Amino acid sequence: MDLDFTPQQQAFRAEARAWLHDHIPTAPLKSYDTREGFEQHRAWEAKLAEGGYSSVTWPKELGGRGANLIDWLIFEEEYHAIDAPMRVNQNGILLLGPTLMEFGTVEQKARFLPRMARCDDMWAQGWSEPNAGSDMANIASKAVRDGDEYVINGQKIWSTRAVFANWLFGLFRSDPQSVRHHGLSYLLVPLDAKGITIRPIVALNGKQAFAEVFFDDVRVSIANRIGEEGQGWNVAMATAGFERGLLLRSPARFQRTAQRLVELYRRHQASADRDPSIREGVLKAWMDAEAYNLASYYTVGRLLKGGRIGAEASTNKIFWSELDLQMHETAIRILGPRAELIDDPEVRDWLEGFLFAQAGPIYAGSNEIQRNIIAERVLGLPKS
Amino acid sequence: MDLDFTPQQQAFRAEARAWLHDHIPTAPLKSYDTREGFEQHRAWEAKLAEGGYSSVTWPKELGGRGANLIDWLIFEEEYHAIDAPMRVNQNGILLLGPTLMEFGTVEQKARFLPRMARCDDMWAQGWSEPNAGSDMANIASKAVRDGDEYVINGQKIWSTRAVFANWLFGLFRSDPQSVRHHGLSYLLVPLDAKGITIRPIVALNGKQAFAEVFFDDVRVSIANRIGEEGQGWNVAMATAGFERGLLLRSPARFQRTAQRLVELYRRHQASADRDPSIREGVLKAWMDAEAYNLASYYTVGRLLKGGRIGAEASTNKIFWSELDLQMHETAIRILGPRAELIDDPEVRDWLEGFLFAQAGPIYAGSNEIQRNIIAERVLGLPKS
Amino acid sequence: MDFTFNEEQLALRDSVSRFLMNEAAPELLREIWETGGGRAPELRAKFAQQGVTALSVPEAYGGLGLADVDWALITEELGYYAIPDSLADTVYVATGLLCAVPEAESLRAQWLPGIAAGTARVSIEHPVNPWVADAHLADLVLAFRTEADGILELHALAGAGLARSAIGSIDGSRRLSVLAQQPLDASTRLLRGEAARTIAEATLDRATVAVAGQLVGLAQRMLDLSVDYAAQRKQFGRPIGSFQAVKHHLADVVTRIEFARPVLYRAALALQRNERDRAALVSHAKLACAEAAWTAARKGIQVHGASGYTWEVDLQMFMKRAWVLDAAWGDRGFHKARLGEALLRDDAPLGPAATLY
Amino acid sequence: MDFTFNEEQLALRDSVSRFLMNEAAPELLREIWETGGGRAPELRAKFAQQGVTALSVPEAYGGLGLADVDWALITEELGYYAIPDSLADTVYVATGLLCAVPEAESLRAQWLPGIAAGTARVSIEHPVNPWVADAHLADLVLAFRTEADGILELHALAGAGLARSAIGSIDGSRRLSVLAQQPLDASTRLLRGEAARTIAEATLDRATVAVAGQLVGLAQRMLDLSVDYAAQRKQFGRPIGSFQAVKHHLADVVTRIEFARPVLYRAALALQRNERDRAALVSHAKLACAEAAWTAARKGIQVHGASGYTWEVDLQMFMKRAWVLDAAWGDRGFHKARLGEALLRDDAPLGPAATLY
């Protein structure tokens, strides 16, 4: 057990800090759920890629560093410490990218990865369907083979980034006789293809956060399939798994929020202390954010030593989503009657964050599903 | 809406207060989970019955007042305000008594009720079995008809008062072919009958709080059956129901505990305020105890106007059991490192109460079962 | 002792409820959210037609003269249908204020008939709120102001022409302003000092009970929406409402609501009788109802899943209103502090039946 | 940067765990609970044979010289098997104390070999605790006392013949006393004033980490017992562990444990390196581990149902130990106050990676 960063790690941190300091946008970007903001964020991520910071765990030739997860944690710390913009290209970097690297053909990699890394292509995800939310294996959208093409019909929903992105990846039922997770294929679909209709879904916060995507005889080449036909579920799951759950929310993000919360509390301590649950909440926020950080370093350390991360990663999802809610609720309580004022500069970010935190226990596998997974796969309790 | 007690109600309160003041034991009674304490409590309840306070809702000739539920609330307020002893005869008064009054024959009433009222007979309950806890309809103990008798074989468990009581009431399977809640009969069994073995179960607190009762060819007369053969479930449920849930835990008990908690907090405020959750907990305890009281008066008022109490009574069970836990946990936190000291006079009652509170969310229908009931019968959600 | 409502009170509640069910559907609410400055004058006219605007107005001024306890049930309905602030503020809180101030005789004559008829709108400025609701349409603003000398005063200001700046709220039905704090002259002054303070407290308590009632109504609405969703929405081949986790989420909401309502009713009575422990009972009602609504929002969106996170599913409007009212007329800290003070007093309302005397 | 244990540390933990699994079954624990004053000398002898008593003792005195981080894993095992206080107090906390006091050279020579050999027992009196554990069998008592002049002193007292009164605990494995507070003379004094205060704080932190480790071990044990029960116990025709409510209770315990352990390890390292933020990190560990254990107890008894409420089912012994250790070496108020102070300082450990530097 050794908490000293190596000289290389220290150098990397210094370099990242300096680069971010020199390059982060001087004015806050608009929300990426607007066209203008989306383009601003895309430009920022392209700049990150130029600097080699798009994803530090990616190979160098794709705008990464070929670095390990400790470097990823370090970079995230610097990124959040300086309040750099939210990331818009996570679908590509976290979800599709690793899948392509593992299952893509040489041609597919050459065709898609560099453009993804440079943000030339922006990717939307197409997992959920109206009747396949938590129950992902219930996917019904069809991809019927017709020679060298698939003809896609159906509907995806809750497709993040689909309002402004130009490509979508997702699972489609290529074997019409199949049920559950059999007979699905993993396809890449250009969103400007004929037969595609995109209907933005407006979120709680009034922004176009995701979309429904309708497919009406949409044709894509079989060259756009990753992995074998009918093996889509396995392809998706192989990298959908546990390590990705680790990367989805870095601890630095929550530590930064906990820091802002402590600062907010200090500014308003006299009024905050009228409600004893606030001080309790501030202490808890700090503790849980630090615990999440320590648990991340602990997990990463074991992974680097060849360990594996299993179903216990579901605890991660539960922990950060409840932490995020708890921190924002505490901030809302501190702000008291001002908390509703959307244009108040001290309020605005907390209010946005509070709304976003409501989604935490729901998306990326609802917390109910995560608790089932822990009970069944970690504790070995019988299925219901 | 009128919160003024009538002159009669005020007179009853004054009378009860004076009577309790004159009669409550001068020294604390020993625990009724010991032989000595059991007899002390039995004597106290016999005295209550003499005074007409055994159960104010019972008829006068049985040691009650024939009074309504408002009087019951008033009596409970006076009873807990003066810290009178815990009640040992509740199995009879709350569970068996009303059942006998509704379903018993004239002979059964004459035979059992006066003795019950005077505490000549003390009653144990025999519902649960090793495989019929939350799932009461799973009862397996058999009562095979043999002429004018039943021959009972089987086992009951968690039988409160069975260590020292002399009678037991419960459900037994009189139709060996039957399943679930069909074919059960409601029988009264003398605990000194041949073939009965009682094995005390020691509780968490080291006391003999309940027992296992084994039946080995135990013979009881059919005159000891309440209601028709095979109708035991309906007999039990008719009075097991919702009103009894109201009577099980009077609000005064929790208001008294909340009062003691506020006093404890006031005595130790400086050290308690180091942990902000304590003040929060004290406020919550007071609020919830008062809410439970107000909800009781609200429910009783509607019942007196001919309203019915339905499955929403399950909220009562959840509310008081969680309140009891929360109050005692808060007290334990105030007591801090002294909370473990069983002989400390300021600690002892809180510690006993804390242990007892652990059982609250479990007995009388676990809180999980209560939540199912609310969801299915109040909200109409489908069964699992 | 009868801690229940009588037939007339329940019948009135039912008739208001039926009226709102027909006239205040979520579609209307969406319209209100989306129209910039306005309110729905047709709706106000219908309220007047139903007599809702006249409920608190004394009979002498053409009203029904109902008291706080009657109102408790009505406020739940206003919450259930998420009726914007102006109605309760005008016809319950401000009307009560005008009736409580002996010096306001001429104001009563001037305004109460219009309030009863649904033609007058009154807003209230109070130090506990950093905003004034619906001031832009107010004919009259009753303003509690701490003057330069530190003394509280109550002024009656003509609404027209008041300098104000609009401030946006997350609740799209809110129309909030901050009024310019220029010095007020004696001509608009109604009360000053202790008298103003007493009325300010009574107004705060009345408004708090109104908000608490709306919160428990909102909780019930969010529960009902969630139950409907859980009964219809299927996952893994069965309605999600058949999963124990979903059942238990919603059972918790039922429990919170069941034990908040009687507290609300008790507080309304304390208001009506101006009881010694009024402040503690009112703060308790606010905290209990706010907790019920907060729980209903959290469990509601969890049960709704991604749908609950959208603009187009109605839940969001009720959640936002619940979040906003949670801190209106005293945030949790304000009410916990009042309650804590009451409990630590020597004559604190402690022990069996304490709050029933 | 490597926030993990090395092979040797894990191997040592595994061997201690295997040893305890064989030698410290619940039946032994019951015996300890039920024998009046005593401890199990045979168990101590076996600990010594396994080298457990020698872990902290420096090599110069016949020990292994392990440091706090190594101990973190061991304390979890001590908690998992609910080993009574005396062992950790003697071989970890008191040994650490003796090694940290330069003035204690002759005491080290006198006591450390016996500690390593399992023949000597040491108890600690500290102002944060209203009791002293295992003083009745102690050969040596290290007592922090605030003298009449208000100055803290550390004394080394011979255990034999100390005036003490035994006090009962809800945890039947505890053997607590209060020592008579007669004036102590300079002959037993080791430290006074600032030096005593520094060592008292270090001792408190070391003992707190030991308690935190035991708490998370207890949490794991209660979880394991509950999972076993839930997998076997049937209701409504199926194992109760197949019900979602039971699953979710236990999943919550897993989550609390997973996020308490790394905090424990971090605190042990802070102790070992005597870091600037040691107090905050140690208090965090205590609070996180206590919460894990408290949750495991509550959910554990809920899952066990009536069985969990009995004396004969093992769960009760672990619950009581968890409840008791929750307030040992600083209750929640003590540790929250320390944490709060640290967070409100100008150089508070806030922000990304703050506690890693």
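Structure notes:
Think of it as A, B, C and D in the order they're written, each chain with its own count starting at 1.
Note that in this section a residue touches a chain if its C-beta (ideal position, glycine included) is under 8 Å from a C-beta of that chain, and two chains touch if they have at least 3 such contacts.
Chain labels with UniProt names: A, B, C, D = Acyl-CoA dehydrogenase.
The structure displayed is predicted, hence computed values, not measured ones.
The interface with the greater count of contacting C-beta pairs, when B-C is set against B-D, is B-C. Per-chain CA centroids place chain B (Acyl-CoA dehydrogenase) at a distance of 40 Å from chain D (Acyl-CoA dehydrogenase).
Computed from the mean C-alpha positions, the centre of chain A (Acyl-CoA dehydrogenase) lies at a distance of 52 Å from the centre of chain B (Acyl-CoA dehydrogenase).
The residues of chain C (Acyl-CoA dehydrogenase) that reach two or more other chains are 243-246, 248, 336, listed in rising order.
Among all residues of chain B (Acyl-CoA dehydrogenase), those that touch two or more other chains are 276-280, 283, 368, 371, 384. Chain-to-chain contact here is organised exhaustively, every possible pair of chains being in touch. Only residues 128, 131, 133-135, 138, 157-158, 201-204, 206, 209, 271-278, 325, 332-333, 335-344, 351, 355, 358-359, 361-363, 366-368, 371 of chain B (Acyl-CoA dehydrogenase) touch chain D (Acyl-CoA dehydrogenase) when the two sit together in their complex.
Chain A (Acyl-CoA dehydrogenase) makes touch with chain B (Acyl-CoA dehydrogenase) in their complex at residues 276-280, 283, 384.
Residue ranges of chain C (Acyl-CoA dehydrogenase) in contact with chain D (Acyl-CoA dehydrogenase), taken from their complex: 243-245, 248. Those residues of chain D (Acyl-CoA dehydrogenase) whose C-beta lies close enough to touch chain B (Acyl-CoA dehydrogenase) in the complex are 128-131, 167-171, 174, 176, 234-236, 243, 245-246, 298, 301-302, 305-306, 308-312, 316, 319, 323-324, 327-328, 331-334, 336-337.
Only residues 1-6, 9, 69, 223, 227, 230-231, 238-239, 241-244, 246-248, 250-252, 254-255, 258-263, 265-266, 269, 284, 287-288, 336, 339-340, 343-344, 348, 350-356 of chain C (Acyl-CoA dehydrogenase) touch chain B (Acyl-CoA dehydrogenase) when the two sit together in their complex.
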